[in-house]
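Have a look at these structures, which come just after this line.
First chain A sits with chain B, and in the next complex the same chain sits with chain C.
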Partner chain A sequence: MKSWGKWSQTIRIWWGQYTAYRINFFLQVIGPVLVFFFVKYSLWREIYKGIGNSADNPVMIGGFTLDSMLQYHGWILVFSMLTQGNANFDLSTDIRLGKISTYLIYPFNFWEYQTAGFFAFQTLEWPVAFFTASILAACNVIYFPTAAALVGVLMLAMFISILQFTLQFLAGLVAFWLEETWVLRVLLNIITTFLSGAVIPLDLFPQTLKSILAYSPFPYMVYYPVKVAMGLHPLEPKVFIILSAWALVFCTFNVMVWRRGLRLYTGAGM
Partner chain B sequence: MEYVIESQNLAKTFRSYEKNPGLWGAIRSLWFRPYKENRAVLDFNLQVKPGEMIALLGPNGAGKTTIMKMWTGIIVPSSGQVQVIGHEPWKRDKQFRKRISLVMGQKSQLWWDIPALDSFLLLQKYYEIPDREFKQRLDMLSSLLQVQDKLKIHVRKLSLGERMKLELLASFLHSPDVIFLDEPTIGLDLVAQENIRNFLLDYHKLHKCTIVVTSHYMADVEALCKRLILIIGGTKHFDGPIEQFTQILGKNKIVTFNFSKAIDFKQDLWPDFEPTWNEMGNQVALRVPTEHLKEVTVQILNEFPVSEFSTEKLPIERVMKKILENPSLARPSGHSSA
Partner chain C sequence: MLGQIKIYLSVYKKFLDCAFSRATTFRTSFFLIVIMDLFFYASVLGSVDFIFQHVQTIGGWNRNQFLFFLSFMLAIDNLHMSFLSENFWIFALDLKSGVLDYIFIRPVSSIFLVFFRSIRVSTMLNTPLVIYFLIHFGARADLHIIDFLLLPFLLLISLLIMVEIEIIISTLMFWLIEGNGINFLRMQLQNVARWPDFVYGQWAKRIFTLFCPVLLIGTPSVRFIFKKSDCFPLLLQMIAMIVLYMIMTKFWFYGLRKYESASS
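Right after this comes the complex of A and B.
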């Protein structure tokens, strides 16, 4: 009970911080994914147009018509909002500038504090994602699946966001060793975006690469859930196990890296 | 428990690389980085008894804050032993963290974008303070610090002095047994400094907790602490009562003479007593050994047109300044006088 009180109060504090600068918050939530969506929207329309796609002559690329390709990317936009978490949280800067010192003193662990921040962000971001999905559905860009499938998709989104968070946390912890980690984080972001099928559907990847990727968490972060949302793939329970296993792997790494990193921490700026 | 803080041969070494300035230095540093080890703290021994209020003194980079970081568990010592209230701080047991607090004058621990009261409510949960006790302590501390009307204002909108008071309030809410204050009055005006010193004295009188202070303001040290630890170059150079500290330069008094007209300060008499003249040359402060006090005073009274004179103890600030100019005046001391 006491523990729940700590978590709920911390989440409230994070809400207060996120909503203190409202415009910044909305730009953070909507900005990057919306721009990315419109870039892909325009790009794929031009690609289909370039190869002679028209109403009379619908062209398929990797099994996608233009409409289904746009639907695929519409769902990615929604999924990005549901799963990206507080992706911009700059743990590495906090470590480098010694900002985590305060949290090392409190009897509430730093990872707990950051995880509460992640949940706080998710609770604010999900309504924005639902709103966006409704607009896309109203514009016939995406089509809502059945209620049962939707529940499954949302559960997937929850698991994926936790996996994303553990991965981002790990990338931030590298700051114990490297003075600057933004290049690393940008690289990780690009690799994750590409290999998860957020730019090009994995159906267009070479079969060998697809087979290799099946052993990584990437396909389950975007490609698979979007296909489920589009009704092109059944929801398999094993995916939840795969996502949990990967999250556990990253959590284990986080604990190890945190313990070793803390030995190098200098508490700068105090 | 005999000692609240015990450090034995405590040491901390940091590793950093040197980079030459300019473009060439930046390019060269891509593949050639001469690392050097900086011994921030070396063989530091100290024992602190429960209820003591001690000051860590020393120039910038002396190692005071590094020691404090090791005592609070923020950083891990390179070698040596340290125990604070029976815990090894770097293991950061929750029970340990519940019994200490740290105030950093240069770093805010309150959440910037929300009112301080929200932060206090969060700390109430973290430290598991029952509602009734929390309310009592909040009332008591906010009244001692005179910040009752500031609790619901966003922290970013407060003045530095107000924010510092609220930082103190946040750190004292859970009745810590050991309180670490790292330059708690830095950047504050004289009135705010005095308010904070008074609060600390009152609080200490009431709760008998152990307080460790680092400060560059000697007024803080003189007002708050009976025991001083002087740290230079990461080693302890003095550990003892404040009275003893002022005698590092010998038993001296400061005698100030006012003259009815300007005096020739080139005379042979003055240089022996480190004179400090005013611009008009009609006032001088001398550092006079106690054993020569009488004869020197009589001589000056007889030879010069003295209109007024006064005697005072050697201010700690002046002792500190002398030591910073010449660290060899205070020799390293390995043992505590707790």
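Right after this comes the complex of A and C.
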């Protein structure tokens, strides 16, 4: 109970931090995914127009009609909001500027503080995602699945966001060794965005690359959940196991890297 | 005038010296930036290449023409990342911390000092690769020698327009406490500009050509290369470059007057 009080207070502090500069929050967190969707929406409409797609003559690309392609990208927009985290930036800044010294003597661990930040971020993002999904559904871009499937999809989103968080945490911890940690964050973002099928569906990828990707966590981060939300793929329990296993792997790395990093850390001037 | 140019060149040489010594100090970051850029190029070119395995043309352009356009945009991006990009992030930080006070009192143009002082050497390492993309896809798109000779000039105009738009947007930071959001807005506009104008619908095209002319960055130049009679957009690009320069300087000095030092 005592511990819960610490968590709720820390989450409140994070809410305050995130919402202190609302324009900044919008431009930094919501704006990029909206623009990403807008560009893809425009691009795919033009591509389908170019190959003579019409209501009477629906053309398929990689098994997608224009409607299903737009639906795919609409769901990506919703999923990006549900699963994206913001952990790495504050984390690496705290390490680089020596702010973690204070956390080392607090009765609340550094990882607990960052995880509270993650929960705070998610609670702000989820209403925005629901609102966006409602607008997209009202415009007939996406169609809501059945209630049972929707619950499954939301559970999947939760697992993916935890996996994303562990990955971002790992990238942030590299600040113990690196001067410019944003590089790793951006690199991670480029790789996951491309290989998860967020830019183009994996169905359009060459077969060899697709087969290799099946052994990585990337398809489960965007492609698979979106297909489930579209009702094109059944929700398999093994996916939760796969996501948990990958999250566990990254958690283990996080503990190892944190311990090694802490041995190197010098809190100068504290 | 010549004396002024000499002073600015000598200051810029100092900036370059600092950039090189910094690059050799943080070697891991240096190579990570090189790798990051390579992944970025691969994802941009790869996405379009995968799409072209399923379609013949997009907006009337074939695979080689489209990849040439992307290479052109990557070349602008490479120049931008090498010589300018970092300065916009530093500007946001300096505004917040009050470091700008010391910059504004120096006897050199404030725009020059704020937006040209930090240079990223690691990105320059990828410049030959971007030039290779331009030549490779340009040759495949049947470009003539004259087209290749025009490229540096067209790249410069496109880069100038991009920088002018970005400085205008960044000036908004004078009115904000936290400027990073503006930098994200800037990056999103770069994303919009990274695709040819025919991709966008009529309204989006109007907005991004007349009000926030990011679609004038690359498309007019590449269109002109493909079809010499298509010179009206290029003319529009030149006019935009001059008009944006005037807006940029006026708005910047207006912003400077509104600047409230964070350190005082």
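Convention: the second predicted complex is superposed on the first by the 261 of 270 C-alpha atoms of A that agree within 3 Å, B and C clash if a C-alpha of one lies under 4 Å from a C-alpha of the other, contacts with A are read in each partner's own complex, and residues count from 1 in each chain.
By definition in this document, contacts are C-beta pairs under 8 Å (C-beta built on N, C-alpha and C of every residue); 3 or more make two chains touch, one makes a residue touch a chain.
All of these numbers come straight from a predicted model, not from anything done at the bench.
On the superposed chain A, the positions of chain B and chain C overlap enough to count as a clash. Judged by the touch definition given at the top, the superposed model places A:F253 against neither chain B nor chain C. In the superposition on chain A, contact is made by A:Y21 with both chain B and chain C. Look at A:L43: by the touch rule set out above, it reaches chain C but stays clear of chain B. Look at A:I191: by the touch rule set out above, it reaches chain C but stays clear of chain B.
With both structures placed on the common chain, the touch criterion links A:K6 to chain B but leaves chain C unconnected.
When chain B and chain C are set side by side, the one touching more residues of chain A is C. In the superposition on chain A, A:F144 contacts neither chain B nor chain C. Common to the chain B and chain C interfaces on chain A are residues 20-21. On chain C, the positions that touch chain A within their shared complex are 26, 28-29, 32-33, 35-36, 39-40, 42-43, 46-47, 50-51, 53-60, 176-178, 180-182, 184-185, 187-188, 191-192, 194-195, 198-201, 204. Across the interface of their complex, chain A is touched by residues 14, 65, 69, 72-76, 92, 94, 97-98, 100-102, 104, 106-107, 109, 111, 113-114, 118-119, 121-128, 182 of chain B. Against chain C, the residues of chain A that register as touching in their complex are 20-21, 23-28, 31-32, 35-36, 38-39, 42-43, 45-47, 50-51, 61-62, 177-180, 183-184, 186-187, 190-191, 193-194, 199-200, 204-206.
Taken in their complex, chain A has these residues touching chain B: 2, 5-6, 9-10, 12-13, 16-17, 20-21, 98-99, 101-102, 104-108, 262-263, 265-267, 269-270.
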